[in-house]
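Would you mind keeping the following structure in view while I ask a few things?
We call the chains A, B, C and D, going by the order they appear; numbering starts again at 1 in every chain.
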């Protein structure tokens, strides 16, 4: 008899087929990795639309941009709020790409739901259970970032709050954990992606920008994420990273993002799929 | 010239006298350590009132009890909510002691403020900035727990959100951080208490229950906390820990709490005060 | 003017060309990733030679096997010692592949140097400075594992002990760091590989076996390691992992190792090389 | 039936009476906390003897001083070696106090054993099993520091190497673990002291100097250590910390050490003893 894990609905023991989450008409969880790109913070119309157009041309599938910004210090730029959501809607209108942004407060979910194609739960809110319960009733998919000190099981239990409350469109996002190592902003736990693929049917993507905190490491972290089976990437892009109001050091400029997209060569992903099959074959023989 | 730290209002560089926070008529931050005690979760009237009476007799200053419960799993007991706040009010009416409880959602602050003498921000919500901003406008003091992976500076910046928003009655609470060591539930960072006393004018207390996760370690952790200069303790007490709906293994029973209070011998705290003076003297000569 | 880092000899600021380390006639640090494989502990002649023959057929470049075993408990199997080194020599004679094994004590270096083609410093000995100083005078290359709580800079400073003492043939090995996450044995810090490639001219490989502690995760971790630019892998293989005297749960059996080698498809590594070039191009434009 | 832990000889399940370790004529593990003090590195005769005389006058029981120095960088001062041991012997001759120093290499144990009253295993060598096995045959007691990323169980298993090899005079030393928090040099895990007292019959002391890395925090950390039941302290003292060749920022000067000793008031330790009894009473009723 199969033991039921505590994250019963997130587990693949009760649901063996992989979940595909639809964000607008983009599918996350299928064979082709999905690329989400855009600025950390939405600063103004020009910054956002310039970025949105460029990442679309480069091949991005979804636009990201921060409207409500969780900032360690109250003296840092706190985001444009609803105005940011409106600008994101304009970016969607112009590019035709779906949009995702973080929501930090259950009181903002109605507004965010009206504007966005996917709502993000930030790492520091992964165990904000009030927010999770509200998002469980939301009609839009949720991008659930892993908390900086959350175990894989706690993360899947946070997803369970969404699933048990009725929202089955959950995408997980590994963005690095906090460890003793300070050379990078966080420690990207890429093996956690492979482990989640063993434990859960939910799709999972990787945020190489927050994980590394260093622009120069984003391309190699992205390649490794795809190689390990991530269903996508969420990457910070800014027209002028050196002037960004937040996270400049980890943001790619438009040309760098375009180069990265070329090097990822996502059209030919058959080797990854076969790799996953290899793994399952290996598992089944052990 | 003195450098202003990023947590300008929480720092003692701009305000050198220590802050005393009044919770009802109890003062936190003065010479006498304050003891907060009560059950992890409020389960029913009898459980709460039995505990409240007993901890009062044993010498506790403030009653604690969880009404809104942040639980890792959605399948665990989620707390009685508003009904729990009402029961806490009854406990205050009967014992005359002020009451504190956690609030997890900005939408619940109005109700909580009406019932409670102090509102607690739980460890997992330390960087729930929406909640912090709402509590900054609250008329009641706030007990701000350190996040399990928060640095001291991030913790003081979370306090800064409260201070800059207008609430000057902030009490910090060290409750253990998450490390590689799993023998205890968390790693109690007692030196952080001493460091906070160097950096900030805010009072700080210690939670030995969550820090250790083991009943048998609560008394020694409590003694060490007082010795290092903590302004108080918050301790989980339950009439029948083995039947508790949450945190039983770390809860003291009524007799154990009474024994602990006797061993702490808080009436004679002059040695601690002189110790703090020694430290300042040492500092001033370096 | 370029600032000289504290790890002057390990840094690529003073030596820009990448170091190639020759282990027998195998080169580590060039375009083709090098695969080191073999049992965690050498248990007997048959176990070692069976494994050695099989990993050679599967395409491994170097044979590994533990003779001196660092074990957390004194009651665990402590290794065959010198007899293990002799069996490894036999494996080299039969397969023609070079051999590597860990040495734990400066007093054993003479003997180990006589038998082995490369000497390994284990993770727990990364800051065993007596051992490092002795190995600095050794004529054979050194495989230097990262300590479980060592920062990248401490690791490069450990390499500096070898370099400044005269041994320029140093290969670094990322094998996972210790964090709060217990789902895997360690947390594989793959981005550290990319960061070391930015900071140092030394070759670096990855140990997916110790990093994950789970056989099922070794293949995906291996693929990600190659994708991020690792110069090779060191993988634990055992004819019958379920009977292994150490590290059975993370060891591949002979067939699994063969499958992994096929899926890695190391003959065609041009995409990785071009990826590294892309990264450098991106860096040079920032 | 009582389960035998893996650290059978270190456990108090098989040996219930507490071990007292004799260092010269000083007893570690009894009612009175033992104070070990002296410079991080022995720099020259005058520095060592000045310190030794002063800490004796202030009430220290044992002199410490580093002769073989484990240094992260090969370019840092590496210690005086045997000459340092000779100077320590002179300090003993002049003060009459026993002496302790670190040994890093099994090859140095003979010499160290001839000079010292206790041999220290440094944190980075806690799992240097070759060294442990050699020290197991040593006639002198061993001070075993906890590794910066060692669990309590791994630490007790390192002690087990000494006990099973025949050396029953083992003193444990908590010196802080490595965590994400960088405000202090390490995170002092004081509750680990209380937990070790529950698990083992071995005496345990605390190193507040390495744990905090900040002179100003040493007095409060020392008081908390004594309060939680530590059998002693090992404190770095230097006549002129600002000129020290190592660890200056965490060393007390002679006057600061004298003030600390007065504030600790170790002559009257009855409250600690009764506290430990309280704890055992509480435990026995649970």
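Rule of thumb we're sticking to: a contact is a pair of C-beta atoms (placed from the backbone, for glycine too) under 8 Å apart; a residue touches a chain by one contact, two chains touch by 3 or more.
The shown structure was predicted, so the numbers you read here are calculated from the model rather than taken from an experiment.
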{"item": "Pair joined by more contacting C-beta pairs (B-C or A-B)", "value": "A-B"}
{"item": "Interface sides of chain B and chain D: same vs different residues, half threshold", "value": "same"}
{"item": "Taking each chain's C-alpha mean as its centre, the one farthest from chain D", "value": "A"}
{"item": "Chain B and chain C: spacing of chain centres that average the CA atoms, whole Å", "value": "47"}
{"item": "Separation of chain B from chain D, taking each centre as the mean of its C-alpha atoms, in whole Å", "value": "33"}
{"item": "Centre distance in Å when chain A and chain B are each reduced to the mean of their C-alpha atoms", "value": "35"}
{"item": "In chain D, residues with contacts to at least two other chains", "value": "149, 178-180, 182"}
{"item": "Chain B residues within the chain A interface of the complex", "value": "6-7, 70-75, 104-108, 124-125, 127-131, 147-149, 154, 157, 160-161, 164-165, 178"}
{"item": "Chain B contact footprint on chain D (complex, rising order)", "value": "149, 151-153, 177, 179-184, 187-192, 194-195, 197-198, 211-212, 214-217, 219-221, 223-229, 253, 255-256, 259-260, 262-263, 265, 271, 274-275, 278-279, 281-283, 285-286"}
{"item": "Touch list for chain D against partner chain A, complex", "value": "178-180, 182"}
